[in-house]
Amino acid sequence: MLKIDNLHVRVAGREILKGLSLQVNAGEVHAIMGPNGAGKSTLGNVLAGRGGYEVTQGSVAYGGRDLLQLEPEARAAAGVFLAFQYPVEIPGVNNTYFLRAALNAQRKARGEAELDSREFLQLVREKLKGMQLPPELMNRAVNEGFSGGEKKRNEIFQMAVLEPKLAILDETDSGLDIDALKQVAEGVNALRDPKRAFILITHYQRLLDYIVPDFVHVLADGRVVESGGAHLAQELEAHGYAWVRERKPAEAAA
Amino acid sequence: MAIERTDLQQLLNRRYSAGFVTDIETDTLPPGLNEDVIHALSARKREPEWMTQWRLEAYRHWLTMTPPAWAKLNIAPIDFQAISYYAAPKQAPKSLAEVDPKLLETYDKLGVPLHERARLAGVAVDAVFDSVSVGTTFRKELAEAGVIFCSMSEAIREHPEIVRQYLGSVVPQRDNFFAALNSAVFSDGSFVFIPKGVRCPMELSTYFRINAGHTGQFERTLIVAEEGASVSYLEGCTAPMRDENQLHAAVVELVALERANIKYSTVQNWYPGDEQGRGGIYNFVTKRGDCRGDDSRISWTQVETGSAITWKYPSCILRGDRSVGEFNSVALTHHRQQADTGTKMIHIGRDTRSKIVSKGISAGRGQNTYRGLVKIEKSAANARNHTQCDSLLIGKKCGAHTFPYMEVKNPSAIVEHEATTSKISDEQLFYCRSRGLDEENAVSMIVDGFCKQVFRELPMEFAVEAKKLLEVSLEGAIG
Amino acid sequence: MSASAAPFVESMRAAALPASGIGWLDAARHEAMQAFLSAGLPDTRNELWKYTALRALEQRGYSARDESASTRMIDEGTFALPDIEGTRLVFVNGVFRADLSRLDDLPQGLSVQPLSRALVENPEPLRFLLSRHATEPRDSFASLNAALASDGVLVRVAPAAQIEAPLRIVHLGAQAEAAIACHARNFVELGEGACLRLIEHYAALGEHAHFTNIACEYVLQKSARIDLLALQDSAVGAALFRRSDFHLHEDAQLELHALELGGALARHELRIALDGDRSRAQTRGAFALRGRQHVDTELLIEHHGRDTASDSLWRGVADGRARGVFHGAITVHPGADGADAQLSNKNLLLSEGAEIDTRPALEIHADEVKAAHGATIGQLDEHALFYLRSRGLPAETARILLVRAFCAVALSGVEPQALREHCDALLLAHLPRENAQ
């Protein structure tokens, strides 16, 4: 589904990703872990197409297409979804209205029929079930005045409605208390599907207690320095990131 | 990868959809202004002598005045002798049934059908074409409720006692340069009278259309709401695309007596001129409401997307105790449009309240200025004002300016003003795009959100129209 | 124009300085006087003077100068500031007083000279500075200043010099035989990377009427930084007109605190030009007025360079029949991308007869800009007042406490602490003791 090959990315003149490679297949859940500054969020932003990220080398193939050539909205229509670390507030734009406009824009781009407001509301009601998102948030402006936890849950809710093929969660766990974390994890688990892949970007292992990944990758200094199964996250938790560096000094320095 | 500013240049040339000309025979006075012209105009309208004299007084004073220069507008001098002060379709209709089909077609095209079968439900329309009203819908229904809604010309003939009592009582003949000119040569406009205790059963609306070339439009509107009466009124404006600048100098007077409530909404879409700044309407308007009675309320809502130049400050004189004034505005300038607009809230009565919400959007080389005065007189104990002015910049060559004036003479008053200027953030654009919206949709959604507070004040149908208008006006703004 | 016949204008004409023997200077003074005479005093149709009418001033004549200014007995205690020692220049009724000043032992890199002395010793370097006013379009008071100022201060800070101890410029108004007029012109230049602390102190002995017109110009070269406290506590009868022009080059920084307390009619026009990239200005100010005082602060900030920043916080309190005027105008010029401009102006109106007029303004011609302003006119928060009273404070004490707190934001950052406390005490002395409200 997604094949990242030797990706080099510069931000504001500084190289952040230095030859990152990663393959993600449909149905898989990959966790990307790593210390601050390793380039985790950069990866998410590059995949979603944020401005200011310059790809100097390497490639990203998604469903056989060159993902990097697509505009952000075309990526969304193709099924790429980024749950933002810091979702922006958009004053005056109604949350429900926004989501319907986004869903219909995507459906239109894919040649599918757009949903009328009745169908859409039905969908929203259905997806809201079990989301524990206060219904009144749907009538507020996008992210405006939402608490940190509400913003994150709103991102997961958007994901549930938009049903992406590849969901990238950028530190969705940060700043959440344990209850909110569980709710977010439940939301994600409910969406696990053989046709859908997840990339979980996280600093801490605790999210992975609730969403058990198929693969864990450790990102350090702009590339993947170690990959393994879910157990790798526990070892990291036990030993810290320094442990990876010590174990793989030769590779990390290469 | 950077967000590419998608090439929307082709959209820049999207036409102003109201820019067509109706080919109709017109009775036009030759260009120029003198006392003879005023006599001729007054005679054409079969006005009583007092009206002719009133015009002449205004004209004589106007001769002593100079155009205001304080606004932040760059205007070539206007040759007032090159303008024709009267233009009207040759066949004056007696009733809507007799209106020239070409005119009906014109209003159909503008989305304001006048004929019986397609009228806007629940909205009575007075259609003003160049200098005259061509018809008013739902007259019978309104008359049953006791509401008078007709053209100003007709009101002067049919209801002289009311017109004499109120005309010029809010905006005197000598108020300012353009108001004096209007008082001398005003052609037509709407007259609304809501008697004591009556809630007007439907929305009233006037649709102003400039058609003839080399003419000015000088409409005069007077709305009087007696004790406990209430009315919601809306005006819309369009004009053909021409290379010349045409002058529109209107005066609108609102009088609200005790407990009366007047809501006045404007969707102004005069031809704005082209990208180079050629042509477009010069819109110099004096609008003022007088909350004469206690507990009265006047609210102005305006969506200004058209005109090459906009100079207007719909104001409220809060004379009655506990009276309330509101001003809600969206002003958009694109290409080379210039707008200097805002309001005055003059607090005189006790416990008076005013609220100002102004949203300015500048794109292209547009210049957008908010200019507002909040004045609390000594007598206005416990007066309150809150003003919020936000400006949005789209592009590098536009300007957004905020000039509020606050004068407070009463120590129990509270006056607050807040203003911000920002551009659409890349952050917001990216968020919308990453959810699948294209850039143009994302911009219009963010702009719509920016204006939401004001659109909410518009009657439903017009809110939709205003939103569309904004989208069309902004086309090509990114690129 | 009727101004030509007005006593004020006539008295200024009569005050024209005798020939100095320096040709270019006399020409410049003459030209400036002509400019003033033809323009007269500004009227309220001039937007910058909208709320300050000069009709009363116009009807008043002032004596050309105080002939005894150089010999009057002055008690140094009248202008003492706590914990502030060191270099100072003292002017009495516009005349430099070497006996009261301290110019010995200047820190290295600081050069200070009275203008009158410089004109005698070596006038040529001043030629550009003093003659360009006649040709630049300026306001009436600047023209008047250029025509009549024969004294003032020249301050130069050498590149990289860090002047830690504050330099003080004191203008004292002392009782004279008649209502006198004085004019002073100051010029302060900081070389690249230089740093200066400056206190401008306007104080008075007595309650007499006089007219003072002071023009200051500050040039901050690249990376220079000035920390300026302007403390205005003039006599009750004073008409004081000040204009301060700041030019900031790349990375230069201005930190300004202004306290406006005295004067019958006091106007301070601050023009801050953020010319260089990344230059920044932080301004803080407050006025506390009573009686029939009329105080007008015009703060005009121009963003020209890229990534410039201005942050302004002003407070006003008016009691009695006083009138406070504030105009805070920020202009972001084309090309000044990355500008960040913030302005807040809050005012308290404490009595029936008082008036406050405020005008924050934003003029934005660039795109990547963050700009915001806010202004309020109102009263003390009743809830806060009640809270304090419910904790046992008498109403008046509570009120004064709140007014002080309201103004205190304008003083935060004044160093040393003793000086800040002194400013606070001066402010307190100007606050209404008893309030009918």
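For reference, chains read A, B and C in written order, and residue numbers begin at 1 within each chain.
Here is the rule we go by: a contact is a pair of C-beta atoms (placed from the backbone, for glycine too) under 8 Å apart; a residue touches a chain by one contact, two chains touch by 3 or more.
Bear in mind the structure is a predicted one, so any value in this text is a computation, not a measurement.
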Most remote chain relative to chain A, going by C-alpha centroids? C
Identity of the most central chain, Cα criterion: B
Find the geometric centre of each of chain A and chain B from their Cα atoms only, then give the gap between the two centres in Å, rounded to an integer. 49
Separation of chain B from chain C, taking each centre as the mean of its C-alpha atoms, in whole Å: 44
Chain A and chain C have mean C-alpha positions lying a whole-number Å distance apart equal to 56
Which bits of chain A are touching chain B when the two form their complex? 46, 48-55, 68, 71-73, 75-77, 81-82, 84, 87-88, 90-94, 98-99, 101-103, 105-106, 109, 141-142, 158, 162
Taking the complex as given, what residues does chain B use to touch chain A? 1-4, 6, 425-428, 430-439, 441, 445-446, 448-453
Contacting residues of chain B [partner chain C, same complex]: 70, 72, 376, 378, 391, 393, 395-423
Complex contact set, residues of chain C against chain B: 47, 50-51, 334, 347, 349-352, 354-379, 437
